[in-house]
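Both complexes shown next keep chain A, but they swap its partner, so chain B is in the first and chain C is in the second.
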Partner chain A sequence: MYLQLLIVGIAMGMIYALLSLGIVLLVRAVGVLNFAEGQLFMLGAYVTFCLTYQVGMPLWLMIPIAVVILFLFGVLFMFSIYWPLRKSTWSATIIISCLGASSVISELVKVIWGNNPLVYAPLIKGTVKIGGVNLEYQYLIIIAVCILMIFLIQMLFDKMYVGRIMQAAAQNKYAAGLLGVSATLTVAATYGISAALVGIGGWLVAPLFLVRTGLSDFLLKGFAGMVIGGYGSVKGAVIGSILVGIIESYAVLLTTTYQNAIVFLVLIVFLVIKPDGLIKGKISEKA
Partner chain B sequence: MLKIQDLKVRYGSIEAVKGVNIEVKDDAIVCLIGSNGAGKTSILKAISGVVEHSGLIEYNGEDISSASNIHIAKLGIQHVPEGRQVFPGLTVFENLEIGCVNWRGYFGKADHKEELEYVYSMFPRLKEREKQLAWSLSGGEQQMLAIGRALMGRPKLLLLDEPSMGLAPLVIEELFQKITEINKKTGLPILMVEQNARMALSVSDYTYIIEQGQISMEGASADLIHDDRVEAAYFGKSWKVKKEV
Partner chain C sequence: MTKRLLNRKTIIGAVSLLLFVLLFYLYIPNNTGAYTITVWNSALIYFMANIGTAIMLGSCGMVSFASPAFMGLGAYTSVYICMNYGVNPFITMLIGMLVSMLFAVLIGMALMRLNGTFFTFSTVALCQIAYTVYNGWKPVTGGPNGIPRVPQFTAFGWVAKTYFDNYYVLLTIAIIAFVLANRLGKTNFGRAMNSVRDNELVAKTTGINVFRTKVTAFAIAAGFAGIAGACLAHSTHYVVSTYFTYSNATMYIIQVMIGGVYNIVGVFAGTILITMLPEWLRPLQEYIKLVYGVGVILLMIFMPMGIWGLGSDFIKRIKKRYHIKDNVTPIGVLAEDQEVGK
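After this line comes the complex of A and B, so read on.
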């Protein structure tokens, strides 16, 4: 029982980690909280559903094409939601346009795929016996794929030249511009990567939670993970999110109705006793 | 090398630069001096294409007045901005590496050993601190890093914006020595903005004095340094006392 809860907690935490990573990448690159990230997450579930069942693609073909579509959607999102408002002097402008975009995406999805939740069959059907209890294979797939994704993101930003250029542009756009780095390209790429990353998260949870617009609510837990981990820190976002997943999972032992309340109670406690989060973000280092 | 004619920069209703003519010759160090808000920085920003402007900017015969900052960086005009502006969360080495982006491209694998060796020979302190994050460097080291980063971009013209800002006198001395050394060794022309007029005049070949967006005086630095009006306006009494001693 405890082991099962731990695995479920880590798996869900990994999903929240993808969401908070998506947010943190954008916070660092453009300094804006993207409130439509949850909708991009949900869109991932719909796009993969569409490619798998409506177009009928095999998995090996579906994944790269879905990633490309989601990446391009992220770029489109950036040029329509962020770019026209980037020079606005009121900092809430872009947040409001993100909120607007989140309704537009939700409604658009309803127009295309209808109001009813859609069923996405798991990659591997059935359950696995761990420690005497049954567990869906999907949780293990989630953990494996998320570790791979987080590893790839880490490689991109820390080990690859282009990733370091994106980091540099995020830290000081003006200086990067003087060296010949195009802000348009780095910001667009960051939006694309962020959208693809959370979109894959949507695909991963679809077999467990159905394909529906309500999937966007996962964003709240991603936010909680990011705040607990330390606003603006990549490592913090991952650790904080996994912690949120585990807390949420073990909360079942106390109550099933107030599971979410317990998660946000922990968030509030963290905000009171450790508002900087577990790991100090690079944003605060800048000061 | 670089020819500027009738350059004007406006910020809304404020005209920061009101039509200046500047020329930088091959191998020369040219200085722009003047008080705060005289428009010196705006001139550099106009050259590197990050601020809207009118007038003609000609670089080696090519009109770059309306070129993008990316194109200008590719031409080899490297601008070291005011206040250093290193990338705080990246290491010294990574900061330097990003200086190559103008000739290496985003996915570049090209070798930058030669440039790196040159920068490290110029600023050995940077090699010692290679793996340190840039924010942990001292002000003088950050300035060296900012200049080193520009040197990584195979510069053909270096724009320096107030390299002495906020640094201790001894550090300034060392820094200006390096700047002249870079110019003498490779013949790299430098256009420098400075408030430290004494330092600027002593290292440069030619100087423009900017007042309220216009050039109020220009001439060979060696002549200007002895000019009474310059002395009165920029060096003040302390300088005179020093000179007499």
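After this line comes the complex of A and C, so read on.
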């Protein structure tokens, strides 16, 4: 029982980690908290559903195409939501337009795919026995894919030239501009990567939670993980999110009705006793 | 500059307020149907809650999604006391408001450690916790089934039987709230809030306790939300957890932003517009949220100060055109011209 809860908790924590990574990337690059990230997450589930069942693609072809579509959508999102407002001196405008965008994405999805939840069959059906309990394969797939994604993101920013350019632009836009780094391109790429990353998360949870617009609520837990871990820190976001997943999972032992409330209560307790988070980010002042 | 009681601005303000009040007390109830008056009722309730959001957003510069949480707190407190102890709804509404404010002080002291967008996100979390509790605590809140047969407004033997009676009660409370909120902007505290919005560092150096100002503003906003929630429960005779969801919070923010956050009249216009829009655009009923979303994005890009901002820009241009001198700084100029939050 405890082992099962632990694995489920880690798997969900990994999903929250993808979401909070998506948020952190944007916070670092442009200093904007993207409220529509949950809707991008949900969109990932719908896009992969569409490609798998409505277009009928095999898995190996579906994933790259879905990533490209989500990346392009992220770029489109950046040019319609962030770009016109980048010079606005009032930070509330971007938050509000992100809210508008989140409602637009949800409603568009409802118009295209309808109100009813859609069923996405898991990659590997059936359950696996670990320590005497049955566990769905999907949780293990989630853990594996998420570790891979987090590793890739880390590689991108640490080892690859593109990632270094993006990091430079995030640290000092003006200096990066002097060195010939185009702010437009880096910001667009960051939005694209963020959307693709989060969208893959949506694909991963679709078999467990159905393909529905309510998936966007996952964003809040990703945010909780980010705050607990420390603002703007990639490592902190991952650690905090896994912690949130485990807390949420073990909360079942106490109560099922108030499971959500416990997670957010932990968040508020953290805000009171350790407002900087577990790992202090480099740009905590910026937010 | 001498301060006279009967200068031009005061007279114009008083006359327009009087006309406005007459219009709302006499014209609207006599010229609308039984259904439309319920729409007006909900518009007035949303307006009360939105005053709180507008104080947070316009005066203090913080985006807060907490208003449904405090509306629920006000509503459930009022209903619980009213139904279990048989106290007059008007008194329990005030108790509900006070309880909301008390909670807001306690929660605000934790949340105000965060700045900017992180505060905003934590109010979303608060909204979610509150909804979970309202939905789960069945003995008190009735959960998803709600509490039916909530007592109606009564005072000195008079009972609000119809929706029209409710309309008069709500209108009166809304006008009181409007006057209070308007006065608040002209007090020391109101100016302290504005300086916190424009530049926290400067506010600190002039001796303003930034933390306390923010917590107080949060509590005041919660008070307006609490009374609005209580009004909602007593005027619809029903209260259910789905009244207080996060998606309602986004709707309130949109209502505030469309009208213009720097003026309560603008907030009123925005609230009426958004509440009435589904009635006017009946064929588009299914896509109404899509229309809102696109509208909000366009609004933020082209006129972030809302309807009121557009109006005051227009007046400024006319005054410039006809060379009318104006000593008063137009509302909204301060925040637009300065770099906020640097």
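By our rule, the second predicted complex is superposed on the first by the 283 of 287 C-alpha atoms of A that agree within 3 Å, B and C clash if a C-alpha of one lies under 4 Å from a C-alpha of the other, contacts with A are read in each partner's own complex, and residues count from 1 in each chain.
We adopt the following convention: a residue touches a chain if its C-beta (ideal position, glycine included) is under 8 Å from a C-beta of that chain, and two chains touch if they have at least 3 such contacts.
Please read these numbers as outputs of a predicted model, since none were measured by experiment.
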Simultaneous placement of chain C and chain B on chain A, clash or fit: fit
Touched partner set for A:80, first chain B, second chain C, both or neither: second
Which of chain B and chain C A:182 touches, first, second, both or neither: first
Touching partner for A:174 - first (chain B), second (chain C), both, neither: first
Partner chain in contact with A:56 - chain B first, chain C second, else both or neither: neither
Spatial angle chain C-chain A-chain B, Cα centroids [nearest 10 degrees]: 90
Touched partner set for A:114, first chain B, second chain C, both or neither: neither
Contacts of A:265 with chain B and chain C, given as first, second, both or neither: second
Partner contacting more residues of chain A (chain B vs chain C): C
Lowest inter-chain C-alpha distance for chain C and chain B in the superposed arrangement, angstrom: 11
Residue ranges of chain A in contact with chain C within the complex: 32-33, 80-81, 84-85, 88-97, 99-104, 106-108, 111, 217, 220, 223-224, 227, 231, 257-261, 264-265, 267-268, 271-272, 275, 287
Residues on chain C engaged by chain A in the complex (per definition of touch): 57, 61, 63, 107, 110-111, 113-118, 120-122, 124-126, 128-129, 132-133, 135-136, 250, 253-254, 257, 286-287, 289-290, 292-297, 299-301, 304, 335-336, 338-341
Contact footprint of chain B on chain A as seen in their complex: 161-162, 164-165, 167-168, 171-172, 174-182, 185, 282, 285-286
Chain B to chain A touching residues, read off their complex: 48, 50, 69-70, 72-74, 78-79, 81, 85-90, 94-95, 97-99, 101-102, 104, 106-109, 133, 135, 146, 149-150, 153
